[in-house]
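Alright, structures below, take your time with them.
Next come two complexes built around chain A: one with chain B, the other with chain C.
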Partner chain A sequence: MAGANKKLPLWAEAGLLPALNLLAAFIVSGLVIWGLGEDPFVALSLMIDGAFGFQEAIGYTFYYATNFVFTGLAVSVAYHAGLFNIGGEGQAMIGGLGLTLAVFLVGGDAPLLAILLGIVGAAVFGGAWAFIPAWLQAKRGSHIVITTIMFNFIASALLAYLLVGPLQRPGGQMPESADFPEGVGLSHAHDLFAAIGFSFEESPLNVSALIALACAFAVWFMLNRTRFGYELRVVGKNHSAARFAGIPVARMMIIAMMISGALAGMMGLNEILGEQLRLIGNFTLGYGFVGIAVAFMGRNHPVGIILASILFGALYQGGAELAFEMPNITRDLIVMIQGLVILFAGAMEHLFRDPIEHLFMRLRRKEAV
Partner chain B sequence: MFKKLALTVAAAVLGAGASFAADFEPVLLYDIGGKFDKSFNEAAYVGAEQFSKETGGSFKDFEPSSETQYEQALKRFARRKADLIVAVGVGYSVAVRNVASQYPDVKFTVIDAIIDLPNVQSITFKENEGSFLVGMIAAMKTESNTVGFIGGMDIPLIRRFEQGYQEGINYIRDDVKLIENYVGTTPSAWNDPIKASEMARGQFARGADIIFSAAGPSGLGVIQAAKDTGKLAIGVDSNQNHVAPGFVLSSMLKRVDLAVHAAMTEAKDGTWAPGHRVMGLAEGGVDYAVDEHNKDLITDEMKAKLEEARAKIVSGEIVVGDVAGSNSGH
Partner chain C sequence: MEFLTDIALLLDSTIRTATPLVLAGLAGLVAERSGIVDIGLEGKMLAAAFAAAAAAAVTGNPWAGMLAGVLASMFLALIHGYVSIAQRGNQIVSGMAINIAVAGLAPTLANFWFHQGGQTPLLGDDARFSAIVLPFAQSAESVPIVGTIYAEILSGHNFITYLTVAVIPLVAWMLYRTSFGLRLRAVGENPEAVDTAGISVTKLRYQAVLIGGMLCGLSGVVLSTGMGAGFIRDMSAGKGYLALAAMIFGRWKPVPTLLACLLFGFVDALQGRLQGEDLPLVGEIPVQFTIMLPYVLTVLILAIFAGRMDAPKASGIPYEKDH
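Entry: the complex of A and B
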């Protein structure tokens, strides 16, 4: 990373490369759309308009982006400690469970307390779910990638069991819980805007977007401005050096994973406490996995993660809007477009990076001559 | 480039505005199984197609990729004041209740669930009556005296298929053994043909020679297994006889197409009314399928018995048992 920075100026690193990657992804998607007999330019304009063209669309885009900020930050905190947490999905599910249990425990008599405890419950349950794989990695050397992915399956099975059993909505047939008590839920953006005299179209965007921003700032502050964050990054860079410097490596790994799990768990704030107001069997919808792509696309920096989240939010919302408008474009094609963006921006970034680095080096040599 | 893009965007927006003219345009929302599932959702699509062919109008449709998109899709079209929103599947019950109470001036038709709101029309089917008939077919046809049932998601609605099937078998003879399996307990059970196919192979290995699957797209796995092992399957919802000719004994038709078509036509004519409508054998809502693909499998003698039973069910002489709570969910 440091070497790459020397080769490329910041504007090329942060602007040109992602733009080229995106462009490549859109060109390939465009070819497929063209092959299906639709106009790729109309599709692209529908997608952009669907993501940013009107207030409701913007609300939805930021609503989806909020999920990705939480899961992206989760991946990145673990990654800075040298751990690859792909259990964001399961941690988010269990976080949602913790949130729901806290809400039902407090009930509708004290809505504010229920909301606050719900937030705490989401973070605590998510963190606790990450603790077990973290402990196994730190103390027993079980590989975190294997254990976290296994814990996704366990979380999913546990949630399905609870939602067709003890937590199922009375008289219901689907795996979902009863509705939250009246008044327990995060305020929506349109209500808040209305309160200060602006009108904003209705959308599921809610207060958790602000909580996500606060989390992003907290993560940045922790990593870059605290001794703890410094130690965490040292552990991530080099275990032996960290141990030699007197840093308790195992404890740092466990704590980093628990912070990561808590962040993933808080995704439920947006989906459950913000919008659905009940626990639904698979509310996480792969957002935990997309968080991996978001973290890497955002270069594991909170600002980058926020930007990448907005991009993915736009892809989700614009994609849904595209599927609404163009009957030939099915939900599977939307997944393909999202996959292409991940492929070009994440997995194949060297496709453009290497030629561009060569170009810049040649230009510099010319200048030197 | 950017200017061109902006122009395209503007053109698209204007174009979209122009197409929002006063033409009646209903909306059809599928459930998680997806549009071309050769079963439940496809039946809904066929009904809407029929409507648009007859009227020369168009309709919009959407395949949600998850249950959480149910509410988003409903709200999106409700906000745009859609002329009628038809949502198919019991999974929509909570979402329709939420959105319909929020948008009281938009008409909703929901299939397979009962929502008691003044702007919602609920259509349910007596699947047990149709399943009764295919149960009779299975009992008349089986040579191993063992038949199978594979349900999709284990919910009361699907238990109702099994109930009717069991009673239909017993109506013919008492010595036929029924093996049952359910693919799962979550909505993903509708979309798992691989697991359904494994279950079917298991049932065939345990002696069953005919399996009725009420599992949406998962049922395609059952039909495939029947074809691979040379046994028989009974399809569901749409006529699936053509999926593997000669290996599909019959299909339990659930005429979602009629329900969707009727709702859209009524809404266009202004005769649409909220409330609950049940479609059973008497109303032509359920049936068994005979066509060129399975005419050699269903003998005239069998047909005579089936028609006799149909008349008795319609007249009320036979009452097919039901399962409590099979259309609730909100």
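Entry: the complex of A and C
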């Protein structure tokens, strides 16, 4: 291989390639939209306007993006350790359960304590739900992709049981818990803005967005500035090299998965503690799966993940507006677009990488001459 | 006597529910033996289920449904093949992407064409593969045991279930008794050797992926036009993943995979029977827990038997000629 010659400059690696992959996914999506009898360009402008056109829309976009930062970081931490965590969905559900249990355990007498323990509960339960597949992979070699998928189904059934059984709102009919006690919840962005004298339209955007950013920084710091993170990445790159270096491979894999599960579990902060203020069945709505796309699109780097999350947040919010405006387009179509983005950004990176690498090589040769 | 009837009914529905698992399991097996990991079984199954139900609803002909379903699945298999073989992409990401895209596209199209909230219209008996009563089944019923087995368990399945019974030995024969099968297995273990022998790795893998697509298509067809009567949202419900787990449990071999699928089918049938049933000692098990059974079983099986995996050595690894 041509080694150094093949390296792309950062702007092409981190900007051009993802943009081209995204463009390809959008072109195919546009064809489908056109096939549904709608104008893809009108659809695109409706989506952009619906995602960024007014304050409320921006609030919603960043609200959804917060979910994706959590689940994207989750996928990415496991991936750096060489593991494919497809169980973000289930870990988020169980994280939401842990959060809810902690909140009801503390009750409304000490709201601040309830919030803090709720956050811890989300992380601990999410991490614990990832522990079993991680342990099975590390110690028994059970395919983690399949076990985490199975744990998604199990989590969903478990939550369904609890929410029509022991945890159901007394006298309620819906699969949801009772409301959280008064004062137990994260502040909304519009309230915070109002407190410092700005007015911002109401949206579900809340403090979790800041927590998500803090998590992104923590993940970056852990991976790039600590011995633990270095060892984790060595495990992900080469098991035998790690073993020779004296790194406990199985233990590192398990810890990485538990961090991953904890991050996925913290998605509940945004949805449950930030907005719904009660536990709802299937509140995860596929956000765990989108984390895969976010992680790949963001090249498994925390900054990339934040940017990709905003993109997917915009896709979600803009897509919701689009479904509202265009009769033939439903939210299902947004799920399809996500699948296409995962396909083009995650699995088909060579489609554009190879031609562009050639192009850069030729340009460089010309310069050398 | 009632106990025997219960058992007969349970085995009968075991065969019924195992059919899509067996087809998808064999599909995954053929693809993985050639070195292509196929986690997209779930999406292909769902796509085929939708295409079959849609075509059968429009034409009123189950065979048109079967054709549409198989073609839809093969088309997706081709995409997965292109990504995995030509693009040397991550096969798990590709498979997941296909699963997610189909989960969105199928209900979108269903809603666009039929306006029934993401479903297809209910299929009449003429438009689906309904139960086939085997010859003399009615008169055999009176014969104890043998007659019961014949009439209650073996008779009365849909065409695709009987087709599956023929497909199993066919796939085994193809893999182990033909030179194509030998090459296919070789390309999953050691593609360099196959390449050195002057045989195209690319072509073999595409063929394997397409055969897998066809089989997986049939599994989707049976869901919506055999077992069910139309497409409903998320109707594959993890069966593609279960089939993959059964294939791993079956150590990438046809007969053990078949047995694993039958076990999953049995658990699924049992799950259906247990719903709302009052059991001794434990009482009535909540439906959510019986639904968990196949998934919990999968994890247990992978936990117990995973230690001795013999996955094809090159599975999941893109082949690059210029190494």
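FYI, the second predicted complex is superposed on the first by the 362 of 369 C-alpha atoms of A that agree within 3 Å, B and C clash if a C-alpha of one lies under 4 Å from a C-alpha of the other, contacts with A are read in each partner's own complex, and residues count from 1 in each chain.
Going forward, a residue touches a chain if its C-beta (ideal position, glycine included) is under 8 Å from a C-beta of that chain, and two chains touch if they have at least 3 such contacts.
Not measured: the values here are computed from a predicted model.
Visitor: Of the two partners chain B and chain C, indicate the one touching more residues belonging to chain A.
Guide: Of chain B and chain C, more residues of chain A lie in contact with C.
Visitor: Let me test your reading of the model: by the given contact rule, A:V335 touches which partner, first (chain B), second (chain C), both or neither?
Guide: It touches chain B and chain C both.
Visitor: With both complexes overlaid on chain A, does A:E176 touch chain B (first), chain C (second), both or neither?
Guide: So A:E176 only meets chain B here.
Visitor: For A:A160, select first, second, both or neither according to whether it touches chain B, chain C, the two together, or no partner.
Guide: Both partners, chain B and chain C.
Visitor: Given the touch rule stated above, what does A:F289 touch, chain B (first), chain C (second), both, or neither?
Guide: Touch partner of A:F289: chain C, not chain B.
Visitor: Which parts of chain A are in contact with chain B and also with chain C?
Guide: Of chain A, residues 160, 164, 330, 334-335 contact chain B in one complex and chain C in the other.
Visitor: Could you please specify the touching residues of chain C with respect to chain A in the complex?
Guide: Residues 39, 79, 83, 87-94, 96-105, 107-108, 111-112, 118, 238, 241, 244-245, 248, 286, 288-289, 291-292, 295-296, 298-299, 302-303, 306-307, 309 of chain C touch chain A in their complex.
Visitor: Mind pulling up the chain B residues that touch chain A in the complex?
Guide: Listed in rising order, the residues are 5, 8-9, 11-13, 16, 34-35, 60-69, 71-73, 75-76, 79, 90-91, 93-94, 154-157, 185-188, 325-326, 328-330.
Visitor: For a test of understanding, state which residues of chain A touch chain C in their complex under the given definition.
Guide: So the residues of chain A touching chain C come out as 32, 36-37, 84, 86, 132-133, 136, 140-143, 145-147, 149-151, 153-154, 157-158, 160-161, 164-165, 286, 289, 292-293, 296, 328-330, 332-340, 342-343, 346-351.
Visitor: Write out the stretch or stretches of chain A touching chain B in their complex.
Guide: The touching residues are 41-42, 44-46, 48-49, 53, 56, 60, 160, 164, 169, 171-176, 202, 204, 271, 275-276, 278, 280-283, 285, 320, 323-325, 327, 330-331, 334-335.
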